[in-house]
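The structure under discussion appears below in the form of structure tokens.
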Amino acid sequence: MSDSYILYPGCSMESSARAYYDSLKAIAGIIDLRLQEIDDWNCCGATEYLGIKLTPAYALISRNLALAAQQANGTRTVVAPCSACYLNLAKADYYMQEQPVLGQHVNEALAAGGLSYKPGSLDIRHLLDVLVYDIGLDTIKSKVVRPLTGLRVAPYLGCMVPRPDYEHRWSDYEYPVELDLLLNALGAEVIEFPLKTECCGGHMTQISPDTAFELIRRLISAADSHQADIMTTVCPMCQMNLDAYQSETNKKFNTSFRMPIVFFTQLMGLAFGLDAKDLGFGQELVSARNALAKIGIEHPAEAPAGTAKPKKDGSLPMPAPLPPRNMHVVGKDKVAK
Amino acid sequence: MQNMEQERASAPPKQIEDLSLLGEVSHRTAGVSRLEMCIQCGTCGGSCPSEADMDHTPRMLFAMLRAGMRHAALMSNTPWICVSCYHCVVRCPQNVHIADVMYTLKGMAIEAKLYQDSTAPDFSQTFVDMVEEYGRSFEFGLATRHYLKHFPLRLPNMAPMGLGMLSKHRMNITPTRIKGIGQLKAILKRAKEVEATS
Amino acid sequence: MTDKFEPTIIGFTCNWCSYRAADLAGTARIKYPPNVRLVRLMCSGRLDPTFVFKALSSGADGVIITGCHPGECHYLEQNYKALRRFQLMKRTLVGLGLEPGRVKLIWASAAEGAKFASEINTFVEEIRALGPLHWGIPSDALPVSSVALEEVPA
Amino acid sequence: MTQHGETNPKSEERIGVYVCHCGTNIAGVVDVQGVAEWAASQLEHRGVVIGRDYKFMCSSLGQELIEKDIKELGLTRVVVAACSPHLHEATFRTACKNAGLNPYLCELVSIREQVSWVHTDKAMATAKSKAMISGGVERVIRHAPLEPLRVPIHPDTMVVGGGIAGIQSALEIADAGYHVYLVEREPSIGGHMAQFDKTFPTLDCSACILTPKMVQVGTHPNITMLTWSEVEKVDGFVGNFTVTVRKKARKIIEELCTGCGICQEKCPKKVIDDVYEAGLGYRKAVYTPFPQAVPKYPVMDVPNCTYFEKGTCKACEKFCPTNAIDFKQQDEILTLQVGAIVLATGYDLFDARRVTNYGYGRLPNVFTSLEFERLSNAAGPTNGNIVLRDGKTTPKSVGIVHCVGSRDRNFNNYCSVICCMQGLKFAHLVHERTGAIVYNFYIDMRTAYKAYDEFYQRVLEEGTLFVRGKVAEITDVARRPDEDGHLIVQVEDTLASKQRRIPVDMVILSTGLQPRYDAKETAKRFGLSCSADGWFIEKHPKLDPISTMTEGIYIAGCVQGPKDIPSSVAQGAAAAARVLGKIQQREISIEPVRASVNQDQCSGCRICNNLCPYNAISFVEDRAVSQVNAALCQGCGTCVAACPAGAISGTAFSNAQILAQIEGLMMLNLEEPVTA
Amino acid sequence: MSDKPKFAMYWAASCGGCEIAVLNINEKILDFDANFEVVFWPVAMDAKYKDVEAMEDGSILLTLFNGGIRTDENEHIAKLLRRKSKLLVAFGSCANEGCVPGLANFSSIKDMVDTAYSTVSTDNPGNIRPLTSYDMPEGTIHIPTLNPTLKTLDQVVDVDYYMPGCPPESHQIAAVIDLVIQVLQGKAELPPKGSVIGAGPSTVCDECQRSRNVKTITSFKRIMMTEIDPDLCLLEQGIPCNGPATRSGCNARCPTAGAQCIGCYGPAEGVVDYGARLISAFASVIDATDPNEIDRILDGIPDPAGQFYRFNLAGSLLRSSKSAWEKEKA
């Protein structure tokens, strides 16, 4: 295992998701996460280029893979904090293996820029994956100086981190536990959020806003009905949609949700005792002020409903939950999940 | 006899069963699409979060591909409404690469200029144009250009949000250009040539 | 006939797994190229390196050896013995200058007709890429007594 | 074409080559006539005196052709190019034998499975057929006349698994007058069928039809029941298996126990019953799984027993009227001799928790099929009341989901066969008992077999609502007011081409069947193989679904693949018929594929000594040579291939035969194919 | 001219050790002399090829032919002696299976000649190479040309008997000469044509006095780097001893002396490929099921082809390395 990673930040990290980048940089030192940014990386094409032309779309993505592989120098892990970037990089790597002719075409194109990439030579991983499985929950827990006790957090992953999960890196497609475990390690009160991998609307905010607003409504309303103080995401697009379009959504459905949406790295920074403003707090459009105010309040909230003793009645026993999958076995058979 | 032929010639293209359609879509999809393995179970349509706004469920669209309904299939808004959430992909009992098939259909629709609403194709094209120009996406330029063209009436509603984003420095007003833009352009040019000949 | 090189490959199969996988590929009409000729053994453990040398010296361009999956041998554990023998044999052949890709050991259970066919497919292409072998000796110079020396046991 | 026949001395044998058309199966791809003519002319110097092609060599006319040639042309060897030897080797050997030729002087060349069915290029397929026949001719020249080995058959049989298939098998054999050991790992026989409430399509009460059979087993003089027991080791071969069985300690002295049930009544420890009650009910730490259990003796659940946990309690011992409790009782190891084994180890239910989008284990009112069986069973935890997980509320609407874990590449690829009928049965029971609205969500309705589709019609008549679509997810997150407080089944109604969200109170997953969790180990223990899915592989999928590749071991019931009760019973009976057939032969002939050591040539290096898994090779100290015990040898040939002195030879697969075959196979290569 | 049966001995590509071994039969040489007339034996007496050519076909009763067929001269004399002899014996490892000269079959002629004339072991500053023919005023002279590969005697001519060993043990030679004399006197019969004479039917272990057990080993070792139990089978101690596959007849000389058998007596009765037997044997005693572990153990045999074919390469099924024959074809 190499101790440093190649970072593919993606376009949003430098604009709409600056809070994500700031907080990531802030926590990286504390947990000894060494990141080396790909020199002169380009946009991954998001979900747009794939819908126009196949080879150019994959060539666009693969330029980054080729640069990363050149720069790899001992490591083979590329970390992407943005879900769409993560998926695009992983997808290109996987499909070029599954369908070698695609790899040949892409390499023909890369050759025009003096580059080449051998599919399968890098491990493409999402930031959360690296934090949970490489850095480890124990390390993270050991760095917590200000547990987020009492903060009710809705863990929200969105779609493209746990799905399609070509390399079987996650505990489940629908109800993965990694983010919950991490937030638990920070001392937060993690709500059992049933829509944790439902869609935020993606680019629909631009194309068919009504479609998107319905999806945003479902998510915010579910988090709200679970009395979440705050919702945390692992993806710039999700944060943007849920945060920036929340008031639009409220208008459309005549609701008045005020659900702050922050990146999980921001919460990590808080738990590590860092200053909120160094973590990009304040950049969110729906302010997290009230939620932050809650941390540090002396008495914790009442015992969560989930831990209440089962009532003495004639109810029938429930099956035991499926034991969690062994942590992170790359390439593990789908059946074993 | 002659009548029939005339009739056939004048019939709208969607009535011709184009049995090469399924194969073409499958061939043009990244990876191994497994499209021909669809058993029409409806897991995709059942899983879809944006199905309500689609003309056809994905399953139905696949049935149309199978039936060779080229025109109708490419005209369907379904691929454009797909949010790429991959719920259908991981649940599909036949492991069809549904989301990637949707990308293929978008590309084919653009190529054939068959779509009901140009919002989505334009958005994609605008995005791609900017990426090809700068090597990075440029949200501000994209959003203003796109909204101006397609949702001028919504702009007033969106203005506070845009201002918020600007005031919080979450949108750059000027685009960033990568150093290797020449290299990228060369790569994309060659990629388009490869695409055209494959 | 095509212009491309059509290799001749000898395949050794175990009676219980891979031979039945070949049968199954047949029953299921799964197509694979006709370049492989199979020899049935009772077990991959029966594979004497002599057979492989014989095949190569008789003009085969490649040899594929197939057996039950590890842990699933009809004779409990003999495929492990085949594995050991194969590894040493392969090293010896490489020492004699053979491309390592010309001999291959694969596992296929009786249920894996499709896998069997696809392995054959892959191997034929691999050998095709390596080109003809035709190990050294013209066939008319084969040792006169090589076969006759072995007595048929009663 | 490279002819190096000259390198071989002209063969003295008189060989007949027969090429089968197999209708068009072979003849459609291979020029069979050309191949036969080629063999007669080009292999003449190798001793081929006649080459014939015929429409169906395996037909009686085809066989007569061979027999006639053997007699009239004085053939000394026969090569038949047809289908796989696994199908018709015996047929052609018999033909040879009928004509007075030793049956082992016949060689089969598989040009159907290995040529015509898998190749499309006719010229290449024909060339390959010729090469393979050339290999067969070279090989058959070196065949030696052999006699099959004969060994006596032990008349006792072991049936492993006491479900309905095993019960049926055991009873058939025992009724015929032979002794059976019936091994069952649970405390009682009965299997899954004992858990069911009703059986489709007739809706007989499962217990009513099963219990009498269980009692019959329990009292049969020819059956030794070994419950709470597991097979640990199997040695030997057909006719002479030695099976080691671990009889786990029940902590109950069976001779003293009357089955009165006081011990379980007094036992203070309540345990969730994961096996018989499918996790939906409770049992005690000392228990008989259900009232009709056979045998009646309880077992002690040691890990859960308060005495074993804490060192005090012994309530059962105190109250037992016959002093039948024995806390010190140890496992017993039995070594049993049997001639044949029937494996009927059944199936496991697919673990529905794996389909996370269906919420089983997370959403209380999602039930599995086995849970529902217990729920609707009058002897079950709710006395047959169909209620929600709260134990009291009767559902007003119920969704039944088909194909859970089946026909799905993410889980099990295969169709579990019984789930459609099971789902229909549930629909009927829910309707009948609760009057609730019932939805059935299905992909394809598979109601083949007698009276099954009629049952479908009946359930339609009852007003069950059928939705064609694989359920996408089950959730409790409401989007609309009418969904509040319900489970919502989200599905595409593929016939309406619309996504639907259907609120229901209860969901029953018609869970599929899968191989036992330890099927692979069991298969290994008995020397069998499993398919990729994990079901045990039968000898032939159509013509011999009862036998296995290991002679003397038969399979019955779901161990071979998902099946319903009638099929399980039929297969159990069929396996019994096979066993009886074997026993009545008294002795059995075995293929004479055996290794032997040439004592003059053996140097006593002992390299072969650790190679035989059957311990057939021993070292004779005083003569310093190794030898093979033919009775133990199974003929794998590993020692033959390993002997550095070339002192070990193997019949039927000798070095000479194989080397000659290779040489023959290489006579033609595809680079210069002979155009037919 | 005597009327004693005629005897010939020839050395092709060989070292001369076989001749020494024949002389090593001590006083038996007198019996030999009493019974045979030596007509051709380049090492021991002067004789010209043309004298042999002049002899009547089949007039030599017994020819012991040692050495492999490396040159056109070797091949010519092999054919000549075949014609002139009633009994042609492939004598010694070289004639039987190629032996050490046969190791040249690992290389092409070019590589071999380069090694001989242009490496540090040879002082040849002018890089002078032998010519196979040279024009002199008196005419062209020839020296023998190298064949592409070394062949065994029976790859060139029909052989009546095989007598293995490098060299054959003197006591075995003595016994064979005894036998032939007895046959001449009508007291014994010749073994069937094609037989291996002067050796046992089994392998070296048969004569080895070391004790043997069931073998499982977890590593191969080099003998000089290991403490050796003097009474225990060497293979059991991880020493790659070729004894199990090597024909008996030498009285297990090397293992008895504490060194592993290197296989000079060649394969046992009926064995088609000597190296294949050793591959099987060594692989059979390895105690591992994991491919990587097996690889680790096999690393203990760094040059398997050399280990298994030190004496037998030319006589093996494959006869030479791929590079050797590829260059030969080119």
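Some notes on this structure:
Which chain is which? They are A, B, C, D and E, in the order written, and residues in each are numbered from 1.
We take it that a residue touches a chain if its C-beta (ideal position, glycine included) is under 8 Å from a C-beta of that chain, and two chains touch if they have at least 3 such contacts.
These figures come from a predicted structure and were not determined experimentally.
Take away subunit D in thought and the touching chains that remain sort into A, B | C, E.
Common neighbours of subunit A and subunit D, listed by label, are B. Listing every chain that touches subunit A and subunit E alike gives D.
Taking the mean of C-alpha positions as each chain's centre, the chain lying farthest from the centre of subunit E is B.
When the C-beta pairs in contact are tallied for A-B and for C-E, the bigger tally goes to A-B. Averaging C-alpha coordinates per chain places the centre of subunit A 49 Å away from that of subunit C. Between the Cα centres of subunit C and subunit D there is a gap of 29 Å. With centres set at the average Cα position, the gap from subunit B to subunit E is 76 Å. Centre-to-centre separation of subunit D and subunit E, using mean CA positions: 56 Å. Multi-chain contact residues of subunit B, defined as those touching 2 or more other chains: 52, 87, 90-91. For subunit A, residues that reach two or more other chains under the stated contact definition are 173-174, 218. Residue positions 357, 410, 473, 611, 641-642, 655, 659 of subunit D each touch two or more of the other chains. Going by the touch rule set out above, the chain pairs that meet are A-B, A-D, B-D, C-D, C-E, D-E.
Subunit B contributes residues 39-48, 51-52, 56-57, 59-60, 87-88, 90-91, 93-95 to its touches with subunit D in the complex.
Chain contact summary for the complex, subunit B toward subunit A: residues 28-32, 49-50, 52-53, 79-81, 83-87, 89-91, 99-100, 102-104, 106-107, 110, 119-120, 123-125, 127-128, 131, 135-137, 139-140, 143, 146-147, 151, 154, 157-158, 160-161, 164-165, 168-172, 176, 178-180, 183-184, 186-192, 194-195, 198. Within the complex formed with subunit D, the residues of subunit E that make contact are 201-206, 212-216, 233, 235, 243-245, 248, 267-272, 277-278, 280-281, 283-285. By the touch rule above, subunit D contacts subunit C in their complex via residues 2, 4, 6-9, 84-86, 110, 112-115, 117-121, 123-125, 127-128, 131-132, 135, 142-144, 523-524, 527, 529-533, 537, 549-550, 593, 596, 611, 613-614, 634-638, 640-642, 649-651, 653-663, 665-666, 669-671, 673. The touching residues of subunit C, counted against subunit E in their complex, run 48-50, 53-54, 56-57, 70, 77, 80-81, 83-85, 87-89, 91-93, 95-98, 133, 135-137, 141, 143-146, 149-151.
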